[in-house]
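Consider the two complexes below, in which chain A is the common component and chain B and chain C are the respective partners.
Here is the complex of A and B:
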């Protein structure tokens, strides 16, 4: 059975609220969630910071309903780009599990589909799509294993946004035929989250078939995560990683020599 | 060719014309009270928001509503299930206050809603 994934939980500095959202997601039956860090490259001097270690969030991660396993929390980066020169793959990407791009113009959409090294392309849901989805870039993205993302929270909040969400997704489905689509939340509050089966049903409204709609919250998301993992590897074959020690232990290690030094001095 | 076939093939097609939904309304502030009539009105207005006058005009019933836990059992014709469910999903506010509907169970058999295997506690 496929597990359910929500790849878009908005990052907030408010740790309590973030914990609340993740607890709700676990209760609703999501096995994996990704915390989304948005960087708008239009504004100057935007730094892509390293994400916080997710293990700092909880001492013990909440148990997923019906799975008796703790929820998995990942980091995701979303870049909002309006000019091609803004998109520069950097080393910071490697500290994120998933990288998404939100292209503002048709030219960038084309570039994102055909060449950008990303996992997800976001589709506008808060405004009318400013360009048409053309067949060649969309097919190119499907061939490369890049997924299109529709987030549903704006549709819950506002009826105008709801119209945009549905019309934009319908026009996307016209070109991609329901392939390579994921549906995620973009939630900022626990009450904005919906259960995975609710979203599978909502997918029918977005023009997905029953099977595609369920895949949009389960198997397609898994494919995104695997695609994200290959970025850290050499062609998905060789993978090197540094051994990371938890910060608490490291601090102890740093302190230990000082103590030792003090003792030797005393002697 | 035997005159009587020695076996009989029975195909059970889903005979139920209804689907039953067990849902849970969650309000941000817990001091708000609402009764069954208000609750149905809330669902109807959610349907009208999403589907308009004509799209929302399909029959469904609130079989049971518990005021203290805000839990309800709905009955809807199979043809209206997707509409009703999506309207409940996209319901986001009650009297301009955030709320959410958690769909606990959906089944063509009312009996199935009597217990939830996910909340079963085995000793």
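Here is the complex of A and C:
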């Protein structure tokens, strides 16, 4: 049995509801979920705050259906960008496990695919896609290991959204041929979540083949998480951590430039 | 003799409030699912699915539903299930979600899976018991019920 992941659970201030959603996700069989913090960079004075520690959410995380392990909760940041100058990789990114970008224009989509240091590129599902997906940026994204995300909750809620979701995802599948696609929820209520096998089947409507649809909720999501982990580490090889003891801080400072050097060399 | 091959979808109804499951009956599920197929796949899909489509079983306590469909078109039915957000019965709306647990070729395999699944659920829930008395209560309740009478009914169904 595969490990299922849902990388998009909307963050709400309401702690009770968030707990409810995560419990439902565990019941449905998701092993890992990511809480999504959306930041719209177009609006002024939007700060990328540090995410709340997930361990505050539960005393004891619910056990996943069919497994004996508790559910894993991660933090995810989604940046809505409409101008290229808005996207600036900052230190705050490092406190999130996964970083996604939602490009509004074709130029930004190209830039997101080719150069932005992100894990996920969101595809519009609530409106008609304002541009066509061109082959070169999509292929570039696939080569870099960046994934495209389709969220299904708007499709469940409303009939017109369903049309947009299906038509946009079909036009994406024409270019990417089912590779590097993940399907996630974007749920705000517990009843909006669907089981992983249902989603794998729903992928057929989105133009994915059977194998790709199942990969979209399991293996591809795992690849996203690993890609996100490489941001915190130097190419996934070296990982530096801050020690709690004050004496260890000096050593930490010495180590930091080494990490930087390793990164720049690799780039 | 060649029989018509069917697929049985073993689904679980997820609701926020367990007591609202009592409002549902076979007909409500039937019309709800048929409406969803109609909305998702249009007249053509609804026609394909309506061949031998039936709600075989509905347990109002646990929210388990068996749906039957022809083998050739069960994917059309299945892909419409996620779009159900509520079911209606006698003017009362019950917000719910279908979670497909198993797809089987016969009712018998579905039943086997369901028993295994329910045992799993029991193991999942037992740690939530607060004290030893509750745990004993559950054990007594499990030992009290017998499958004999249920099995007889199932055999008659098949």
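In this section, the second predicted complex is superposed on the first by the 241 of 267 C-alpha atoms of A that agree within 3 Å, B and C clash if a C-alpha of one lies under 4 Å from a C-alpha of the other, contacts with A are read in each partner's own complex, and residues count from 1 in each chain.
Following the convention adopted for this analysis, a contact is a pair of C-beta atoms (placed from the backbone, for glycine too) under 8 Å apart; a residue touches a chain by one contact, two chains touch by 3 or more.
Values in this document were obtained by computation on a predicted structure and should not be read as measured data.
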item	value
Clash-or-fit label for the pair chain B, chain C on chain A	clash
Touched partner set for A:63, first chain B, second chain C, both or neither	second
Touching partner for A:157 - first (chain B), second (chain C), both, neither	both
Touched partner set for A:205, first chain B, second chain C, both or neither	both
Which superposed partner A:178 touches (first chain B, second chain C, both, neither)	neither
Partner chain(s) touched by A:197 [first = chain B, second = chain C, both, neither]	both
A:140 touches, of chain B and chain C: first, second, both or neither?	neither
Common interface residues of chain A - those touching chain B in one complex and chain C in the other	28, 65-66, 155-157, 159, 162, 191-195, 197-199, 201-202, 204-205
Of all residues in chain C, those that touch chain A in their complex	14-16, 39-40, 75, 78-79, 81-83, 85, 95-101, 120, 124
Sites on chain B touched by chain A in the complex	26, 28, 49-50, 82, 85-86, 88-92, 98-100, 102-103, 106, 118
Residues of chain A defined as touching chain B within the complex	28, 65-66, 155-157, 159, 162, 189, 191-195, 197-199, 201-202, 204-205
Residues of chain A defined as touching chain C within the complex	24, 27-28, 63, 65-66, 152, 155-157, 159, 162, 190-195, 197-199, 201-202, 204-205
